[in-house]
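The two complexes that follow have chain A in common; it is paired with chain B in the first and with chain C in the second.
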Partner chain A sequence: MDIGSILSNALAAAIGLDTIIYALAALGLNIQFGYAGLLNFGQAAFVAIGSYGIASMVTIAGLPFGVGIVVGLLASVLFALLLGIPTLRLRADYLAIATIAASEVVRLLARSNSLGAYTGGSNGLTGFAEGFYDLNPFPAGTYGFGPFQNNERTTWIFLVGWVLVALVALATWAIMRSPWGRVLKGIREDEDAVRALGKNVYAYKMQALVLGGLVGTLSGFVFSLGRAAVQPDNYATAFTFFTYTVLLLGGAARVLGPVVGAAIFWVVLSLTDGLLRGAIAAGWVPDGLMTTTQVGQVRFMLVGLALMLLMIYRPQGIFGDRRELALDGR
Partner chain B sequence: MRRAATALVALVLAVMAVVVGSSAATAATPAPAPSASEGTTAQAGGAAAGGLVINARVRTQEGDDVPGATVDLLQGGAEVSTAETDAQGTAQLQVPSPGDYVVRLDVDSLPAVAEGLEPREAEISTSVQEGLGRTVAFRLSEPGTDTGAAASTGDQVLQRVATGLRFGLVIALGAIGLSLIFGTTGLTNFAHSELITFGALSTYFFTAIAGLPFLLAAAFGLVASAAFGYLNDRGLWQPLRRRGTGLIAMMIVSIGLSLFLRYLFLYVFGGGVRTFPGYAGQAGVQVLPGVLLRPLDLWTMGLSAVVLVVVAFALVKTKLGKATRAVSDNPALASASGIDVDRVIRTVWIVGSALAGLSGIVLGLQQGISFQMGFQILLLVFAAVTLGGLGTAFGAVLGSIIVGLFVELSTLVIPTELQNLGALVILILILLVRPQGILGRAQRIG
Partner chain C sequence: MAGDTHAPAAAEGTRKQAATRALADVPRVPGAKKPDPVIVADGVVRRFGGLTAVSVEHVEIQRGAITALIGPNGAGKTTFFNLLTGFDRPDEGQWSFDGTDLARVPAHKVARRGMVRTFQLTKALSRLTVLQNMLLGASGQKGESLLRAAFAGIWRSQEKANTERALELLGRFKLDTKASDFAGSLSGGQRKLLEMARALMSDPQVVMLDEPMAGVNPALTQSLLGHVKDLREQGMTVLFVEHDMDMVRDISDWVVVMAQGKVVAEGPPDSVMADPAVIEAYLGGHHDVSLSDDSAAAELEKTVEAEVEAEIAADEHEKGRHQS
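What follows is the complex of A and B.
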């Protein structure tokens, strides 16, 4: 077992594509759940809309990828409005069920044969990312140092991704200390009190949903461009559950919580993955106990267990403040 | 804190113990290839070694793989390549270049397993892009049970009503427990789907691996489900309630538990769809003019209906049933009037889990057993419970029948692949119009 390469892979995962995707998705979720207390379990749908926005516009309609970005953002706002109008007045548990159903509707539509002409059906779409990589300012070569060495394409998407993460984090920090952000946190703490102060709670919730959804859509852009492929089952409910784990790990209602959470999450998963695979390859695992296929399944079990334990023992995560969590049923 | 931790560990160990037992036995049977919908790790058919490939999958309606069937690849009417399905019912057809193709199932080559079955369509058109494989699926069924093109609309409606009722009863069995658990404890239990799956998996373990006759195995499966539900409550939810954990926090815990159990099932059971031995490919019989159902379906529908009536009777007439409804209505008041709330909650967990297990067994008989069979119908169960009114037992049954009928009848208008979508849209719409559900009491839910 090559401990060195396993460790270096795990380190590289700290800034890797998955970390960027989940950091952005969790930053969006942080606005909705962390600050506004909205239990949105449909974040995967916003990510899917971003991914398919680019993929469908470029592959099917043959338009430049900039158009895909605009379409993705507009579609995301539209979806947030459609989702928010019936659900935002509901109690938290109803909201969770309704949003999870809506995100499955989006996925089922994307993988259906009826819409296959626009979405590629269950096989998804490929070959739409070249417009983005044509803008790559890096000449061919290897960039970086130590475990963080990548070719020019990966370096380009990493750069764009981390710039997006930084901008979103900065924007979150700025708006959450503005009067608007204070009202949002007030809604999380006591909706009726805010309503009594004459604020339109419904409108604030809707704005938070749209804003968080837009950030999720950014995550979808990085997802589709980084993988250069979209596949509908990547946007299943598991994506949303992973995002919640990331957010709760780092700490909800903290600006950098999602970013740190995503980095730790993927380092730990990469490490356990590498160690288990290494142990199987070295023959340390008895026959019939675990195969390399099953290593991928252990990952999901670990995430499920982590989500339970976090919620039971440390719901505020690493950096959070327990008093700032919207966890009491209202 | 410590109590909750030991309890949690005990629960996990208990699950492991059940599961490892079957794991050893599972290793003996060849594990089927993971299904394409296996979480986020799924890849599109992919360019396998040696160029482009179309995977043709041949299965019966019950989910049995059909080996030894010949599949041809045609382009412009000329045969390009041919292949035979393997033990997993999959044939790999080599594709020379991207383009439009027709995949044809040679009906005469169907083996004895598929005796008397017909594909819904013997030819499927597909197009292959550079670098991307395709998967096409042939589904075999008894002539007439599928959306037969020849059947008249009236007959189709009747047939859909029959299968809708069949599906609705399965949902109802799962929904009662979910609704009562919500009513008595306030927990929105996303791990309820795993209780459904557990019933089918444990029965499969007792019949296919331990070799018991099916009915005995099903009885053991129900007992195992009830015990599993009890352990769930005793090991996890009761300690959490005692700590005063918030409802939202408990809901997120249940999502974690659901994810953990589902992938534990996948780890042990594998990604394939299996059937209870001896219950595949039963021929349909004419029940009413135009309505074909298997004798098996009639039995399970009758059994489900009887069980539901018994549960309803118990809720209305027995002391414990009345206590359950009282706790569901107002736990504090029930407790003050001398009802042992803990005992009621324990009973609800045990009975609710056994009913969920029964729902899983019946569902397994209808469409095969897989690690995510419960999760696949979870949102429909939620839709049914919400439609009927969260927390009410009778509402849950009513909502389930409506959802079952709606899902099946909607296929007369929309493609079958989108049938669940209609129910989910209904779920969102009902929340807009009457959020408390049909039988729910109007209260503040916003």
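What follows is the complex of A and C.
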């Protein structure tokens, strides 16, 4: 078993494309769920809207990639309003039901035959990312050091992705320390109390939903451009659940929680994957127990186990404040 | 007329005397006209399915006085409270606050106009600190708009002024040492105090307290009573729902009695408690029926059962609303 390359892969995963994608998606979810207490179970749809915004506009409509960005962002705002207007006046669970259903509707529409002309159906779309890579200032070559070595294309998308993560985290910090952020946290605790103090709770929840959705859409841009392909089944409910895992792992309602959570999530996945495969290859695990084809599933079981242990022994996540969580609201 | 509402911070009791004087000539009948009403409600009806929970023909609340709203369980006091503050919508009816129409205005706008309420089950925001709870109560904050939130320079000075005011109020309520603690770590009585202090952050005209004494340690009762009286001395109008008759007698200038959704009696505390309509409302209309007479007893049993069912229905509806 090559421990060196397993560790090097795990380290590379800490700053990899998946980490950026999930960090951004979870940063958006943090605004909605972490601060405002909105149960958005459709974050995958916001990501899909960002991905397809670029892919459809460039590949199908033949428009420049900047148009795809604008269309993605506008569509995401529209989608958030569509979800929020009927549900945000109701009890919290209605938003959860509506968002999980709407997110599946988006995915199934994207992979349907009838819309295939616009979305590429179940095959998805490719060939839309060149506009983005044409902007790449790095000449061809390899950049980085040690385990973090990449070609010029990957370096470019990593740079853009991490700049986005940094900007979103900075913006989250700036607005959450403000009185606006305080109202949001109040709503998370008890919206009637906040209403009784003269705040328009509905408007605040809508703002949080739209804002978190927009950040999810940014994740979609990185997702589609980084892979240079979109495929509808990447935006299934599992994406949303992993995003929740990432958020809880890092600690909800903490600015950097989602970023650290995403890094840990992907490092652990890479590490367990490498170790299990290595152990099977070395013959330490009998074939009857596990084969290499099952490793992909087993590592998610281990992540599930780790999450359970975390919830039991450190329910506040890595960054959370235990005192805050220990208080019983009612 | 409570002519001295504009007088400088009056000595203890001055405003009580003013309120007592103003209400002295008001007839002791349900729906009596007050000399200077701040809230006037007309024909307010709220039905839950077949049950009419509130059906108030006319009621006026005197400005600058402490008015108690009492009545047996299921009388519709809290429902009426929810209606007045915009937390529930009436089937029929109008009411005005300080001369402007307030019916069907959403709850947050009611609060912004100067009518702030507290809740029967305290709603201290437990995962915010005591100070943050207080700051949330301040009105007209520039930094509460998303567009300005990111630019601390715009709201920092206002935030500082609000913080000073919050600390001063916390001092008055003896919570200043707890300012940086999470509100969830406070005792039940302290949470009631915090909720009241938080409501005062917006300088309201009318403070509506839903059972301020429920679940409060007796040691804190006197201090809470003092704070409620203090609100009147500062020129605010107080309307409160309460079950504790000693408290009602002690602090209220005027008492409105509700039973089965209607206002059945009004008057100063002493005269109201002697009113036969009030005794009937609390003890039931059947307390003089002999139970030895079988037919009368059977009939009584039926009516009582029907009433109990109606009350249960109202309670369940209420519970459903709380969960929603």
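Simple rule for what comes next: the second predicted complex is superposed on the first by the 308 of 330 C-alpha atoms of A that agree within 3 Å, B and C clash if a C-alpha of one lies under 4 Å from a C-alpha of the other, contacts with A are read in each partner's own complex, and residues count from 1 in each chain.
One rule holds for everything that comes next: contacts are C-beta pairs under 8 Å (C-beta built on N, C-alpha and C of every residue); 3 or more make two chains touch, one makes a residue touch a chain.
This one's a predicted model, so the numbers in the text were calculated from it and none came from an experiment.
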item	value
Chain B versus chain C as contact partner of A:G257, first or second or both or neither	neither
Per-residue touch tally on chain A - higher for chain B or for chain C	B
Partner chain(s) touched by A:E189 [first = chain B, second = chain C, both, neither]	second
Which superposed partner A:G124 touches (first chain B, second chain C, both, neither)	first
Partner chain(s) touched by A:G16 [first = chain B, second = chain C, both, neither]	neither
Partner chain in contact with A:R91 - chain B first, chain C second, else both or neither	both
On chain A, the residue positions that both chain B and chain C contact, one per complex	90-91, 327-329
Chain B-facing residues of chain A, complex	39, 85-87, 89-94, 96-98, 100-102, 104-105, 108-109, 112-114, 122-124, 126-127, 229, 231, 233-234, 236, 238-239, 241, 244-245, 248, 288, 293-294, 296-298, 300-301, 303-309, 311-313, 315, 326-329
Contact set on chain C toward chain A in their complex	85, 87, 106-109, 111-112, 116-119, 121, 123-128, 132, 135-137, 139, 141-146, 148-150, 152, 155, 159, 182, 184-185, 198-199, 201-202, 323-324
In the complex with chain A, residue positions of chain B that touch it	1, 4, 8, 12, 23-24, 27, 34, 36-37, 39-45, 129-135, 186, 188, 240, 245-249, 251-253, 255-264, 266-267, 379, 382-383, 386, 415, 417-418, 420-421, 424-425, 427-429, 431-432, 435, 444-446
In the complex with chain C, residue positions of chain A that touch it	90-91, 171, 174-175, 177-183, 185-186, 188-190, 192-201, 207, 211, 323-325, 327-330
